[in-house]
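Next come two complexes built around chain A: one with chain B, the other with chain C.
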Partner chain A sequence: MTHTRRQFIGTIGAATALIGAPSILRAQAQGTFRIGALCPVTGSGSPFGSGMQKMIIAAAEAVNAAGGAAGRKIEIVSEDTQTSPQAAVLAAKKLIDVNKVQAVLGTWSSGVSLAVVPLTNDANIILMNTSGAPALSVPPANAKGLSYRFQATNDRFGRAFAEICEKEGFKRPATMAFNNASGVGNTEGFRKAWEAKGHKVVESVVYEPNQPTYRSELQKVLAANPDVIVTGSYLADTTIIMREWYQSGQPVKWVMPGWAASPDLVKAVGPDVVEGIISVDSVSNENAPSYKAYDEAYRKATGQPGQSNVYAAMTWDMVHAVALAIEAANGTDMAAINAKIREVSNPAGQQVYTYAEAKEALKKGKINFEGASSVLDFDQYGDVTPDFGVFFIEGGQLNRRYVVKI
Partner chain B sequence: MFYAQLLVNGLVQGLVIGLAALSITLVFGIARFPNAATGDFMTFGAYSALSAHKVTGSIAMGGLAAIIATGVISLLAYLAVFRRLAERSVVALLVASIGIAFFIRAVLGVAFGHSQQVFQVPLSRPYVFGSVRITPLDLQLALVALAALALVFAILYLTPIGRQMRAVADNRDLARVSGIRPDRVMIALWLLAGSVAGVAGMMLGIKTIVTPEFGWEMLLPAFTAAILGGIGSPVGAVVAGLILGVVQEVSTPLVGFTYKIALAFIIMLAVLLIRPRGLFGRVEGAR
Partner chain C sequence: MLTYILFMLVVGSIYALLAQSLMLSWGLAGLVNLGLAGFFAVGAYASAMLTTWEQAPILVGVSVAVLAGGLAGLLVCFSTLRLRDDYLAIVTLGFAEIVRIVASNEVWLTGGTDGISGVPVMIARDTGVWFHLGTLLITVAAVILVYVLQRRLLASPWGRALRAVREDQTVASVAGKSIVRFKAQAFSLAAAIAGLAGALYGHYTSYVAPDQFQPLITIYIFLAVTAGGNARPAGAVLGAYLLVAFLEATRFLAEIAPGVTALQAAALREIAVGIGLVIVLTLRPDGLLPERSQKAPAS
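Here is the complex of A and B:
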């Protein structure tokens, strides 16, 4: 008891000394810039979350090794979203109120990002996410322009589908979409891009989740005699659709997002059924020097190749973008930093790939940071446009044939 | 011909709904409460069949496992919970059945995980009649469903225990006065209701994918069919299931795929407004 009280008095004494000597206090506060790493370490995002978090820490180390940003060290506070909006909100509250972070990085899955963004908006700090939902681009989610997305939107997936269909020489595409924002976003994005090329979509069907069969939906689509069917679908419904389509015996090609046409789909329906399906997923900016730096850091931290986690490349870039904006703003005023994010990432300007290089170049003039996940050019909504890998399912394996840029 | 194909699609879907509705209506007719655990009995049946199929490689063994295991779990639910609450209100029994539903789902989730599982059955090309395509699998499933239905109706209408079940459904007090032992009837009922749900679950699982939630999601259409057919009427439940399946599919060229689900409920509303007892009134169903 006495001991505790003595400690308590000691703490008060120290606190008084600090208040009495404002220069010490100020030096400490000025010395760091705190970032919250809010990643899906557990839950359905767990295959990616731990790597994402490690790359935030690794990128911060790279920044600090180069002398920090605007003279400040980057300090990371990590939390787990559990891939659940409820847990993510609690963790974000703690990061903002207790740890006083000035940016939250690394939210995964649209539900989580949409739940966290009101909190970061209220606190007037930056949120950087890896989610696809179109709603994250516009108000209310992005009312203050403080939210940045490092993953492709569903609409961009649709545009990539259109590029692929043109390249593969398809003439009569039809679409099938799971009835939610993401599924319909994919196929609507496709339709807009395809019609802009002067072509027509021969049939489109939006279907409901949890149906015992999708045979009538398929029948309607197949009756239009498409040569390819483009989907905005998920694993469960795609499994049923694939089996029923195979049994229908009508030949047609498929273009699907990577989260539906995954190795799990091959396992569920067998390699014969999915042979030739084109699976599309965003890929990192793999030929850039920035990717090389990321890949090295990722291998060092996890023992895995950087290619195994596209989201970790995104979080690596997040720290770089924030740190360069702090450096360019030469201070920690949030409005000033936010104003600089596009300036350091988008063209024109000298192309730079690492933090140390970028910091040097920034002294001479405008820079254009090219990330490991994409060339990292933010549009007016804070969205980027990554490249898309085109995988063909052959003999049960997903083989990447080429990369599409949109 | 386009509609003929839709009709076939609807019939197959209707048989699954009809079997689930049959399980619900049997319990309602005799134990007198809506059993919300029926969907999860289906899930249990699907996982039982899946496990047996993985071990033996035979769909028939899978079916047998679904019938036995789900019958037993249903009987256990009766012995452990429903029997003790038999004299309570309908609401108490309904809530208890929801609890059992959650319990089964949680146990299955822990035991088998939440990612989807599928029956590894060989896929084959359909038989073509004119322009109507029927897959061999659907034909087999339809035969299984019809066999299950024939068996249930044979038990209900041709055996002494079936007659006793119908007597209890008709008038419980009169049945007891006549020397019918309610305990035996209840045991037979829960075994039968569970087995029927198990077969429905296995059929749905073979046609689609198996997850711990998938039976629960079938509960609403199944309840709709039970009400539409006239609660407590076994024939009504099956006929109503078929009607729902067919109407949903045949209507899709007119109303689209999003609203076909709503259409089922519109039909149910219309029938209940014109004929409140449902298609086959209880009196006729359990005479």
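Here is the complex of A and C:
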């Protein structure tokens, strides 16, 4: 059997034509508003990405069940960022130009959001992310005001950490940060806020991701004899750090972001190790009816409770915010929709929690959509300003003691 | 659809430059260069820092990127003079990681993990399709330039000597060729080409960050060069464009595959890339365009 180059190229050509055809047909559909779900299905964001994507789809179903937005059905096209800026840019370009999406929702890591935002700005469409990097708020990234952030900025997390340390009476804090925009943003935000209060940080360590051990970094921090260590870390590295710290036997308190000090961490290292750790997270709007609707959808789609994935609650809210803005703008003109996003989410107005309810209320007057992830009020930079819940891990349970407002 | 295709062609052209860089150092000089992503990053950062923060003209930025890439290549080459094969591969891989980790830690120099946003572009972004088309023309011109240069080098006595070094260092040095000089020249030139690719990439996507220079990109280029033919410039270029076409095609294939979840679709894409390489290497072990043996020049 011989194979020629011509045959090979011919096969590739035929395959390309075959794949190309349906996408051209798809791009013709009328009467729909197409949204791109660009979530980290694989890579380091994978514990959250699938759930985020499923909630975008579920929220679109809820919108469509209530008759769509401005008479149009919401259609979702999904792509995977692979949690890599390179791959995300290619995927975003495909969503924007081939699928003609009019909004891109669900980018997770800061690097990915920063890489994708030039493309969405070029196309004059909305980007909604769950990233923490402060750079996303201002030009050049958000030069056109089309980018919205559903997660508290790392700066805000840092300020909340400083409030908590002061309230708990800590005197000698040290910091440990995972070296990416989000991890360092947390601890730098803390340092700024803490020094503004006239105190000092005794030691700051930034560590590289994906190490089998963090013993030397940990020793450096512990050598400064801190009474509390504030981290900007993730689950995998925190698991290792916790084990190694427990072995060291040196008593110290920990303040961590909620995505690191989660029930999964308790499961991974055992309740004895993590006893007394303070876990800080932006408060999901847990008592709101919108949270109940989200929780129900999340359980149905994944079999897990809604609180296991705070980012999924954010993507659920993203679809609601966009759909309500379309409904309020009564059309698909992007400038008009963008102008309505704050109007439907921020106060004043009638507080509403589900899409069907909001759509009805919108006929009568101004609404204020309260999301599942937060009350969803955007400032002039397109950032939400959530409150922070302070949880103490006690006997393997995360118990919320109080709420910090900044 | 059009701008999407143009976008992919620009990315393909950037990869084609990287593939030619790898072809020169690996295919011709026999120096396994797993540090490609590092030189790519050096070029991208050099140009992005100059043009974004110092407001230097893009042409200056790109020139400095080429120089910086070449210098980095020289540095790596001289620090690895006595290494070949696996050992060189490991050291160059380490170099790429050093560049990435320095870039993410030296915040004063590189902006750290936030990266550099708003890198100026070569053609104004608000010109729509012309932005992509213009950038494509520039990158294709760069690919052609490098291609012609490589063809010339290959046909020259220098190219023959380089291949002699690759085949047998001892024989080459017995014939009076300075091994060190040839290696250093080839490696440094290859690194300069990778630097050029990095600069053009930064000026197209407007964003440069350490995350973009993961070792995966080196592996992709190795795939492209292996599939295309690792000792012919045309093979490297063809391999790079085919790789991008293939990677993107798997995206659409995964979409029309019935009954798979998002997670499975992502895994399917990765499987397809692996199978693709196995098929190409089974059918064409020397790549699509294998090396031609050159006749000795009539004298």
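The rule we apply is simple: the second predicted complex is superposed on the first by the 252 of 406 C-alpha atoms of A that agree within 3 Å, B and C clash if a C-alpha of one lies under 4 Å from a C-alpha of the other, contacts with A are read in each partner's own complex, and residues count from 1 in each chain.
As a convention for this text, a residue touches a chain if its C-beta (ideal position, glycine included) is under 8 Å from a C-beta of that chain, and two chains touch if they have at least 3 such contacts.
Just so it is clear, the model here is predicted, and its values are computed rather than measured.
Chemist: More residues of chain A are touched by which partner: chain B or chain C?
Modeler: Greater contact footprint in residues on chain A: C.
Chemist: Scan A:Asn225 for contacts with chain B and chain C and give back first, second, both or neither.
Modeler: A:Asn225 sits against neither chain B nor chain C.
Chemist: Look at A:Gln247 in the shared chain and tell me whether it touches chain B only, chain C only, both, or neither; answer first, second, both or neither.
Modeler: first
Chemist: Based on the superposed arrangement, let me know which partner A:Ala268 touches: chain B (first), chain C (second), both, or neither?
Modeler: A:Ala268: touches chain B, not chain C.
Chemist: With the two structures laid over each other on chain A, which partner does A:Thr239 touch: chain B (first), chain C (second), both, or neither?
Modeler: first
Chemist: With the two structures laid over each other on chain A, which partner does A:Ala135 touch: chain B (first), chain C (second), both, or neither?
Modeler: Only chain C; A:Ala135 stays clear of chain B.
Chemist: Should A:Glu208 be classified as contacting the first partner (chain B), the second (chain C), both, or neither?
Modeler: A:Glu208: touches chain B and chain C.
Chemist: Considering only the touch criterion stated at the top, classify A:Asn399 as touching first (chain B), second (chain C), both, or neither.
Modeler: neither
Chemist: Tell me which partner A:Ser78 touches in the superposition: chain B (first), chain C (second), both or neither.
Modeler: second
Chemist: What is the contact status of A:Val89 with respect to chain B (first) and chain C (second): first, second, both, or neither?
Modeler: second
Chemist: So which positions on chain A get touched by both chain B and chain C?
Modeler: Residues common to the chain A contacts of chain C and of chain B are 179, 206, 208, listed in rising order.
Chemist: Would you tell me which residues of chain B are touching chain A in their complex?
Modeler: 2, 5-6, 9-10, 12-13, 16, 115-116, 118, 120, 123-126, 133, 135, 137, 204, 207-209, 211, 214, 217-218, 249, 252-253, 256-258, 261
Chemist: Considering the complex alone, what residue numbers of chain A touch chain C?
Modeler: Residues of chain A touching chain C: 3, 5, 8, 12, 15-16, 19-20, 22-24, 27, 39, 41-42, 46, 49-50, 53, 78-80, 82, 84-86, 89-91, 93-94, 96-98, 109-111, 114-115, 118, 122, 133, 135, 139-141, 179-181, 184, 206, 208.
Chemist: Name, in rising order, each residue of chain C that touches chain A in their complex.
Modeler: By the definition above, chain C touches chain A via 1-4, 7-8, 11, 101, 104-105, 112-115, 117-118, 125-126, 131, 205-207, 209, 211-212, 214, 216-217, 242, 245-249, 251-253, 255-256, 261-263, 265-267, 283-284, 288.
Chemist: Within their complex, state which residues of chain A touch chain B.
Modeler: Within the complex, chain A touches chain B at residues 179, 205-208, 210, 212-213, 215-217, 219-220, 223, 235-236, 239-240, 243, 246-249, 264, 268-270, 272-273.
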